[in-house]
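Two complexes come next, and they have one chain in common, subunit A, joined by subunit B in the first and subunit C in the second.
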Partner chain A sequence: MAQVVFSSVGKDFGRDAVLRDVEFEVPAGRFVALIGPSGCGKSTLLRMIAGLEHIDYGEIYIDGNAVNDLAPKDRDVAMVFQNYALYPHMTVAENMLFTLRMARRTRAESNDRMWEAARILGLEDLLDRYPRHLSGGQRQRVAMGRAIVRNPKVFLFDEPLSNLDAKLRVQMRAEIKRLHQRLGATMIFVTHDQVEAMTMAEQVIILREGRIEQVGTPLELYDRPANVFVAGFIGSPAMNLMGGTFERARGQLCFNPQSGSPIPIPPGALPGADKTIPGQKCLLGIRPEHITLPGSGPDSEDGEPFGEIPVDVVLVEVTGLDTHIVASAPSGEITILIRGRFDTVAGDRLQFRLNFSLAHVFDAETGERMG
Partner chain B sequence: MANQSAKSASRNRSVPRLKFRDERIFYYVALGPTTLVIALVVALPIIYTFGLGFFIQNTLIRTWRFVGLSNYSDLLTDADFWFAFWNGVVFTVGSTAVATVFGLAIAILLDCKFRGRGPLRALVIFPYIVPSIVVAFIWKFIFSGRGILNDFLGFIGAQTVSVPWLGDQRYAMMAVILISAWTWFPFAAITLLAAIQNVPDNIYEAAALDGAGPVRRFFHLTLPLLAPALMVVVLIRAIWAFRNYDMIWLLTEGGPIGATEVLPIMAYKEAFGLFRMGHASAVSVSLMVFVTLLAAVHFRVGARLRKAYDTS
Partner chain C sequence: MTTLPLPAQKQLPRRNRKKTSAFYFVTVYGGVLLLLFLVLFPFYWMVTASIKNFREISIERTLIPREVTPKNYIDLFEQTSILWHLFNTAWISCFVTLVTVILASMSAYVLTRFLTPAAEWVARISLYAYMVPSIVLIIPFYIGLRMAGLVNTHAGLILSYLSFTLPLGIWMMRACFQTIPKTMEEAAVVDGANRFEAFFLIALPQALPGVVSTSIFVFILCWGEYLYPVVLINSDKLRTITITLDALTGGGQNIKFGLLMAASTVATVPILLIFLVLQKHLVRGFAAGGYE
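Moving on, here comes the complex of A and B:
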């Protein structure tokens, strides 16, 4: 168990900066997900912790010690690769014993540890098989076993689930999480799948183009995205964003979309709107599940936080559990998510009711959150 | 109308059969000439050589006398034959080992990232594409009594007397082995380089994290993972080396005093020096048996290794 600290770390590939002034701290024993679109530098970051990529500037500390100049083997970290990187000419047991042999542990101790790992991961029956005889999920488990036997300070996972089919992925997600609870080790997990990050991690770091966009618990990111990028990246279907300005007319605050008529906002419902200056271009963000249809959500009360807009249905997607309705409003397309079934077809005219108390306001220029 | 549809139905039915027969005819027509040529230039000489082995035949006086297996039994008791066989083994093992080890080293070097790697990769193939006759003349010049190797050794003070490396019974085989390894190592290097590049980088990274330094990565990962490619290189080289004729002939003609005489050279000398066609054929046939054995090992072991070391 160890703490991992990045202190203004950066890396360039040729002329392109891959990582710029990355700064964060992973407390000991925490399960952290690094997430971002492909090419954002998340794998590079992980490989820098492992010592597989050079650190151009800044410092990485593991357990309080700067590791910049340490070789991978001296950092006491274990990594699970996306393609597992098992040694193809060694059996499952030999794969797990390799690192202990390299560390010149005694045979008895090595075997004990190997059996322990095999028991945790349910690999006892596969020990004399070769990787080519294993299924994807089994290889995945061997790769984790190879990490466990070392009892490292930090576990690194580089998109370990992306080569598995959907069902197995859900299963391994739970297994990795259980493993973390059992070992209590520091784990850093790279993924491009927000569901993985949200469901598994205690803390999520969102990267874009080599910069950290936000660090927080999954629900913090969901409830209070720091900027438009995080708002759009976390959550599926993605948050609706409408461009416009906030105007105050005769004491009534209104959202004035780029096209379409102003929508009045109940007093006090949207604190972010009060921070804007009249005429400032903003983005109003509202998640699909925070838009309801009249009659299907909570009814209006005094000081109702709702605003209504008329829309035309464009597309209806039914998943069985819930219904997604894509509709066109004067201000652009809006997607909503309704729990359960709703009978509507393209071309229908509906009223959408926006719950402003759960909406977000962003500066259109900088993309930063307001309020 | 009904007639027409019946006609078209029967045509439809007969089309696949006709097509199939057409295809068969096409195969015979396409393969026929090649098969004929191969039969004439490969199969016929082999059969002729086989047959010749049972006769005593002299090309000059054109006599044929059937002697059964006595050409072969002569060989078994002929010290020169066994000496040539042994020379062939030494030459094969020596040149294969040198070429493979050197080729592996070059392959590992060429896998590293450094400036000028591209041109160097192209340049490595040079010894392989130079015609044997040119290689032979270059190295004869280098290894001759007054060649630059002796000059160099004299210059650094390693020796005081010039040695005609190819003309000295003690050194001729070693020199021939080195020269022939020099022409072959690019094949080994390029085959092994391809095999090295086939190993995913992640495996080496995983090993680095597992605590294996470069030396242990080489012995625990590179070498075992290259085993199938190494086996192919070694066996192909062994087969070619054992039946090598041109390079040895150009360098030493089997001399001095038979020091580098191998079976193909013995066969040549028997046939075109002593005109003992029966003897020469018997030597050739026994050579063919040895090479066929090597080839059988190659296919058996190769298939097994490829299966065992499947990296997918």
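Moving on, here comes the complex of A and C:
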């Protein structure tokens, strides 16, 4: 169990900067997910911790020691690769014993550790098989077994679930989480799947184009995204973003979309809107589940309900658990998520209410959160 | 939209299939039989001629020997030093194969894992080097080896063989290492291995089919090499098998066919045995993408 610290770390590939001034801290024993779109530098970051990529500038500390100049074998980290990287000419047992063989451990100690790892991961019956005789899930488990036999300071996972089918992915997600609870080790998990990051990690780091966009717990990222990128990246279906301005008319704060009539906002519901200056272009962010059916919530002084908008249904997607409605609103196309079943078809005209107290305001130019 | 009636739709492919399979059978099997005949008949003639007497070979020209005689083999072992020449050929071929495989696999590994922009050029140059005909290099080689005092020595012969086996070996092993994913060695490095351990314990075992096919190719090249030994070796004790065979043709004037075919059979047997033993690995080495 060890703390991992990144101090102004950067990396260039030729003229292209892959990582720029990356700074974060992973407390000891924490499960952290590094997430971002393809090519954002998350795998490079992980490989830098493992010692597989050179650190061009800045420092990485593991357990308080700078590891920039340490060989991978001296960093005491274990890594699970995307394609598992099992040694095909070795049995499952030999795959797991390899790292202990390299560490010149005694045969008795190595065997004890290997059996312990096999027991934790349910691999006892597969020890004499070769990787080509294993299913995807079993290979994944062997890759994890190879990591845990060493009892390393830090576990690194490089998109380990991306090669599995959807059902197995959910199962392995739970297994990795259980493994973390059992071992209590520091784990850094790279993924491009925000559901994986949200469900597994205690802390999520979002990267874009080599820069950290936000660090926080999954719910912090979901409830208070720092910018438009995080807002759009976290959550599925993605957050609706509507361009417009905030205006105050007769003491009543309204959201004035690019087209369509102003939408009144309940007093004090949207603190971010108060920080805007009249005429400033903004993005109103509202998650699909925060657009609800009318009939509840406060009304304005003249009896008009707050935040109600007319929409034309374009597309209906039914998952069984909930209903996703893609609809055309005055401010553009929006997605609405309704828990349970909802009977509607394309072409219907419906009224929905925007729940402003759960909405977000972003500066349209900088993309930064306001309030 | 009109649709074809169902029976017509069903009949059409069936009739086509019948025609295709008859055509397929005749062309493929006929072709294979013709090829087999072209390849195997000279072998048949070689082996049968080696156990026929002079009359049957040169005058009666029988296809199937009427009388089987070991005389050609007895004469061969009594009149020539073929066993000694066979031993020379075997040890030189084995040594060159071993050195080539060790050096070529290490070079090819480096060419595929490091120095990426330059590596492509080095690999190409090695292929070009292999493509240069031996006849072009033989004079400079002779002069160089004479200056080094290595003419008429096995050391000189081995060096000259390496000039064409190494480029071929590097090219073949490079193609092999290119199919082995780098991540396995990275996993080994994270697991505590150094570069040498990652190469010897992880990359090389996976390249085994490639190592076997490279070894066989190199061995056959050395076994059948004629030009270098004929130019560089002049003492009978140091000769290789190809020179023995050449000597038995008597310069084309007085060809002792019985003896020559017996010697050819003796020279072919080791190669055949090696093929039989390593056949499985050779096929795996040829199969692209055979590595997991």
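As a convention for this text, the second predicted complex is superposed on the first by the 359 of 371 C-alpha atoms of A that agree within 3 Å, B and C clash if a C-alpha of one lies under 4 Å from a C-alpha of the other, contacts with A are read in each partner's own complex, and residues count from 1 in each chain.
The rule is simple: contacts are C-beta pairs under 8 Å (C-beta built on N, C-alpha and C of every residue); 3 or more make two chains touch, one makes a residue touch a chain.
Please read all numbers here as calculations on a predicted model, not as lab measurements.
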Overlay on subunit A: subunit C relative to subunit B, clash or fit: clash
Partner chain(s) touched by A:N83 [first = subunit B, second = subunit C, both, neither]: both
Which of subunit B and subunit C A:V195 touches, first, second, both or neither: neither
Contacts of A:A346 with subunit B and subunit C, given as first, second, both or neither: neither
First (subunit B), second (subunit C), both or neither touched by A:A174: neither
First, second, both or neither for A:M102, with subunit B first and subunit C second: both
Set intersection of subunit A contacts, subunit C complex versus subunit B complex: 50-52, 71-73, 77-79, 81, 83, 85-89, 98-99, 102-103, 132, 146, 150
Residues of subunit C defined as touching subunit A within the complex: 181, 183-184, 186-194, 197, 201-202, 205-206, 208, 291-292
Touch list for subunit A against partner subunit C, complex: 50-52, 71-73, 77-79, 81-83, 85-89, 98-99, 102-103, 131-132, 146, 150
Partner subunit B, residues of subunit A touching it in the complex: 50-52, 71-73, 77-79, 81, 83, 85-89, 98-99, 102-103, 132, 146, 150
List of subunit B residues in touch with subunit A within their complex: 200, 202-203, 205-213, 216, 220-221, 224-225, 227, 308-312
